[in-house]
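To start, the structure under review is shown below, and the notes come after it.
For reference, chains read A, B, C, D and E in written order, and residue numbers begin at 1 within each chain.
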Amino acid sequence: MTGRDAAYGAAGLAVLFGVAEAVPRLGLVSRDFLPPASEILRTLGHELTTRQLWSALGDTMSAWALGLAIAFVLAVALGTLIDAVPGARAATASTVEFLRPIPSVALIPLATLLFGADLGSSLLLIVYAAFWQVLIQVLYGVADVDPVARETARSYRLGHWTTLRRLVWPTALPYVMTGLRLAASVAFILAVTAELVIGSPGLGLRIQLAQSGGAVATVYALITLAGIIGVVVNLAVRSLERRLLAWHPSVRGEAAA
Amino acid sequence: GDSGEPAGKGASSGSGGGTRSVTIGAIAIVDTAPVYLAQSQGFFKKHGIDAKITSVQGGAASITGVMGGQFAFGFANTTSLLTAQQQGLPLKVVANGVASTGERDTDYSAVLVPEGSPVKSAKDLAGRTVAVNQLKNIGDTTVRAAVRKDGGDASKVEFVEMPFPDMPAALAKGRVDAVWEVEPFVTQATGQGARAVAWPYADAAPDLTVAMYFTTQPTLQKDPELVKDFTAAMNEALAYADAHPDAVREILKSYTSIPAEAIAKIKLPKWPAEINRESVQTVADDARQDGTLTKDADVAALLP
Amino acid sequence: MLEITGLRKVYEGRGRVVEALRGIDLTVERGELVCVVGPSGCGKTTLLKCVAGLLAPTAGQVRLAGRVVDGPPPGMAVVFQEYGRSLFPWLTVSQNVELPLREKRVPGPRRTALVQQALAAVGLADAGSAHPWQLSGGMQQRVAIARAVAYEPQVLLMDEPFAAVDAQTRADLEDLLLGLWHRLGITTMLVTHDIDEAVYLARRVVVLSAAPTVVQEDLHVDLPHDRDQIITRSDPRFAELRAHVYGHIRAAKTDPGRPPAGTMKA
Amino acid sequence: MSRAARLMLGALRVLGLPVLLVAGWWAWSVWRPSFYVPSPQRIAAVFGDVWLTARLGDDVLPSLVRLLAGYVLAALLGVALGTAIGLSGRLRAATEPALEFFRAIPPPVLVPLIMLVAGLDTAMKVLVIASGAIWPVLLNTIEGVRAVDEVLSDTARVYGLRGPARLRRLVLPAASPQIMAGLRQALSIAIILMVIAEMFASTSGIGHTVVLFQRQFQIPEMWSGIVLLGLVGFLLSLAFRALERRVLHWHWHQRETHA
Amino acid sequence: MLEITGLRKVYEGRGRVVEALRGIDLTVERGELVCVVGPSGCGKTTLLKCVAGLLAPTAGQVRLAGRVVDGPPPGMAVVFQEYGRSLFPWLTVSQNVELPLREKRVPGPRRTALVQQALAAVGLADAGSAHPWQLSGGMQQRVAIARAVAYEPQVLLMDEPFAAVDAQTRADLEDLLLGLWHRLGITTMLVTHDIDEAVYLARRVVVLSAAPTVVQEDLHVDLPHDRDQIITRSDPRFAELRAHVYGHIRAAKTDPGRPPAGTMKA
């Protein structure tokens, strides 16, 4: 990210802050239900000084990271396999399409039954939701291999593994990166939601406590924190992308013209 | 269906010393103050129980957790327990949970309407939209009972589902005509100008037993000692909570996020050690009448 | 070595059915260098892909060293007409050249040497660290050639491999190919549009007719074995052969299947 | 292969794995019977009673209407915004952090806020669905638009393709493989959010009913709802695939004929 | 018409800095046909893209009809070296040719006529309904040419437009271009590797040096105005000019910036 990009991004956030400050102050929404942005940030600042918040954050982020990693590895492996095994795409399509729209939230009873309010519950929900995001992107990505490039690989008799590593994955990478970005936020959302709904410890539980305690500013402060984490995670994925996709038109194009 | 795994992870015997580790699933609201007090005041320890309280989102979650063996004991409201029992879940109540104060103006739950609403009392709710936290649960059952008692047509009340914390805003915006709230939101909403028109817990039955602590039949059979000790500890805690409102307000600061100034103002429920069996029967009958329950409930089998 | 019998290829798709090859019979001896010429769109690329085992024939078959080709055989290198798309954009030039060698388990130091030699031979010694999309068209084509050269194949298939380079570079690359062919005895099949090039390089020139495509002429090039850009091209026999092929292509375009008027006995 | 044999093979492809999975489930439910994991027969037995009666009109239909409205809104907004953002590096830099901020907010906590703005009715549910389903469309559109081949885009510039023509003739078709990937993702997200939206302030809908069953401990009924959600997703994806075949025929053919 | 002054282009990216053009000065009159030749990778494509307004120069400028070029000017057509990638894969061949005409608001019937004429002229009259990826390389290149021809531009830039077609087709296309040029007086700049072609087509041949790239030679072709494949190419002056250009390219490759030994006065 260049300095200019950062400045633009900051300007965008500033506009958002301005709107969130103005709406309650102008009375469009009562301050009791949506406090002004400055008050939210103040509350967030206060929350950040408490130890409970950091330990909750640690719980949430570790569930997030673990769940995302499991979902990502599973989806990439399965997606590649489906692409590599002839007929597998057709054989799995109906099942994938059936299972994909089943909401994680509907699995909550199952999760509670199996894991109670432990990490396992959160993981089950996170992995289930994030997995499909990556899988679909992988399936589209691996199907996008340039035919001439594939013929090149075949004629030089590149092995399955080399073809996978040197041709299929690089082609799918832009799709997979988008999948990773989607899955990262879905995993985070599910981590928070699981805590919110099941009550396993973490940021979501704190949001739930704040909600049922009627502490509106705290609720929004915690939501804001969730959003900030999203921005940070995206920055990380973007910088990863710039390194991995330096060759791709979408990245290299920015340097030229 | 089956019985679930009795006393799985939820309870495990300590080595010889007689202390048993127990996980309890309970929602973190005002109602469950005694169980936290039981822990902080040492009632559990006194009875050889090393308790861990896990916060859950609602009664259904704690019932599922208890059924799955994740919790040895759970906390759920009367309607949830009756519904679960009717579906064949072998639940057994082991201690009282929380009760209404029985007096209209001081009760900790109320139906609120915005300033200037034409609704004057419960019977005016007919033809109106009322928000409750969960449909087919204790809220709509008791609100209907209150409307009937007041001479209104309970079948004309429209219910819509909404989490308690979102109700004050919806009420202020006029999205609904009335809301059924509990503390601390009753205090919050009345502070913003809302007016109480009915007190369903107080209206539905005298000294209504709102919620209870429970376990599964298999746990009861396998480890009656543990259950007995839990009941004893809880009964002490209930009595203590009833007698020491300041201790209750103090402990609320530790496990809820209710702002300190609200804690000082909110109305507290009652925590009698005795379950009011008639009130449970009344709730069961009302629920049966509304169709929330599909069969006559076997209250005796559920209660100890 | 390479026997093509009754090869037929029909492309079917979305209403458009194209008979790219009607019936090709052709034999290439081990170590022979054959050039294939023919009108644009007559099926040269299709023929090459069938030989490479990349495309399944509709009828007929291709045999290499006695075995039916049903997939790319080992020890074969291909330079594709769409050279740009056959390079992997995420790899540098050296990595592109090196990749097949890795797969062939050529040991590290030898690999590096082969890559450097091949790049130097095509005049790209200092472009090794660039990515393909940073190169000009001709440079990309030369990378594809370097990849094939470094691979040291037994069978080499090239589809218009010098189309994107200037005359001088083209001459240099032609001589590079001849040198390699002499040194390793590679069985080579090369598609070209340049008739001079075909006659200069080949021991045999195969002329394909326009669609429906058959072998219109199979011409033995009886020029001296050692070729030289100046001497060979100024040989009167060279001009004769050249005119002969040109006449055939001309005829192929206008009236397929029939030899052109005034055919010269070659 | 004969026509009948091909049909058989096709059926085997579509049904093979599902049949295996259902059989596995059934075996499990017999081996370890559990209140929360009823056997497939039980679920199938209640399915008709639960969903093919009055609920079809009262719950299923309204849900589907909200679903489609939310999905279409997300698709239109996602493609429009994504194209604008993908085309302009500056706009992308300015909006990305703000968008990422919203993307990380869990819909369940967003619902109260949307309720403040849009009330409790269909509008709120449609907004909730759109607010979550937009992300895969948006992200994929942005990336697809950014990745348009340079030679192609140079060609378009030379021949004076500007403004809407450039969008319609170059940018959107070139990005369409990736946009379609996003639209497909969004389809299942929309169903998931339909359930979440119906969990709040609702009195009807598939999601509402499933959650109600769950809290009423009517477990086979709840599972039948989950199966229904799966079926809805599956049917919609069939429709989607038909659309995709038309829109992307050039893409798939280009990649098939050579492979 | 077209004035290029002090044009310099440096590619900078990821450690690799390439000075593709050092300083180009060149003027092309209205209606002139100029061929550009030079060693592979010397910057011909870069030059063409700068003229087309597709690439911003690092220094210097390009003026067209007095106006500085900072984007593609109207009435210009370009045939790209990467012809395959310049066709829209989601459109059929006719739609590809038609697209710029639509944009130019040519009325429907006239559009259809132009498309059909152009396709027929490049020998693809019956491939109109195919998609580009169903065509051979040479056919794709001809579609790109047909698109430029149908557009009836005032300025035509072509980057090795005949590289992928056979000799006979190439000759036909050359004459097609000459015919068009005569008819419409199009200002044309054509990059080619084929020196014969350059001399045959052009009124002027510009030879670029190898990097660092400058104009090494700007040669007036004093052949009779009306060209004919047989007559012109057998003119002794044609052979002289050809040898002259060849010598320059050879020199450019080995020793840039200096004219080759034994330069002939043209």
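Assume contacts are C-beta pairs under 8 Å (C-beta built on N, C-alpha and C of every residue); 3 or more make two chains touch, one makes a residue touch a chain.
For each chain, UniProt lists the protein as follows: C, E = NitT/TauT family transport system ATP-binding protein.
Keep in mind that this is a model prediction, so the values were computed, not measured.
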Using the touch definition up top, find the fewest steps from subunit B to subunit C. 2
Trace the shortest sequence of touching chains from subunit A to subunit C and report its length in steps. 1
With centres defined by CA atoms only, which chain is the most remote from subunit C? B
If you tally contacting C-beta pairs for every chain pair, which pair wins? A-D
Can you tell me which chain lies farthest from subunit E, using the average of the Cα atoms as each chain's centre? B
Euclidean distance of C-alpha centroids - subunit A vs subunit E, Å: 49
Counting in whole Å, what is the centre-to-centre distance of subunit C and subunit E, each centre being its mean C-alpha position? 26
If you average the CA atoms of subunit B and of subunit D, how many Å lie between those two points? 38
Counting only residues that touch at least 2 other chains, which ones in subunit E make the list? 11, 13-14, 54, 82, 85, 131, 134
Subunit D touches at least 2 other chains through residues 34, 36, 116, 149, 199, 214, 219, 253-254, 257
I need the residues of subunit B touching at least two other chains; which ones are they? 60, 64, 67-68, 163, 165, 169
The subunit A residues in contact with subunit D across the complex are 4-6, 8-13, 15-16, 29, 33-34, 87, 90-95, 97-106, 108-110, 113, 129, 132-133, 136-137, 140, 143-145, 147-148, 150-151, 174-175, 177-178, 181-182, 185, 188-190, 192-193, 196-197, 204, 207, 219, 223, 226-231, 233-234, 248-250, 253-254
If we count contacts the way the header does, which residues on subunit E are in touch with subunit D in the complex? 49, 52, 54, 71-72, 74, 76-78, 80, 82, 85-86, 88-90, 99-100, 102-104, 131, 133-134, 147, 151
Can you name the residues of subunit A that touch subunit B in the complex? 30, 32-33, 108-109, 112-118, 196-199, 201, 205-206, 208-215, 218-219
The subunit B residues in contact with subunit A across the complex are 9-10, 23, 25, 27-29, 54-57, 60-61, 64-65, 67-68, 70-71, 163-165, 168-169, 172, 184-185, 188, 192, 255-259, 262
Partner subunit A, residues of subunit D touching it in the complex: 13-18, 21, 34, 36-37, 89-90, 93-98, 100-109, 113, 116-117, 135-136, 139-140, 143, 146-150, 177-178, 180-182, 184-185, 187-188, 191-192, 195-196, 199, 207, 210, 214, 219, 222, 225-226, 229-234, 236-238, 252, 254-255, 257-259
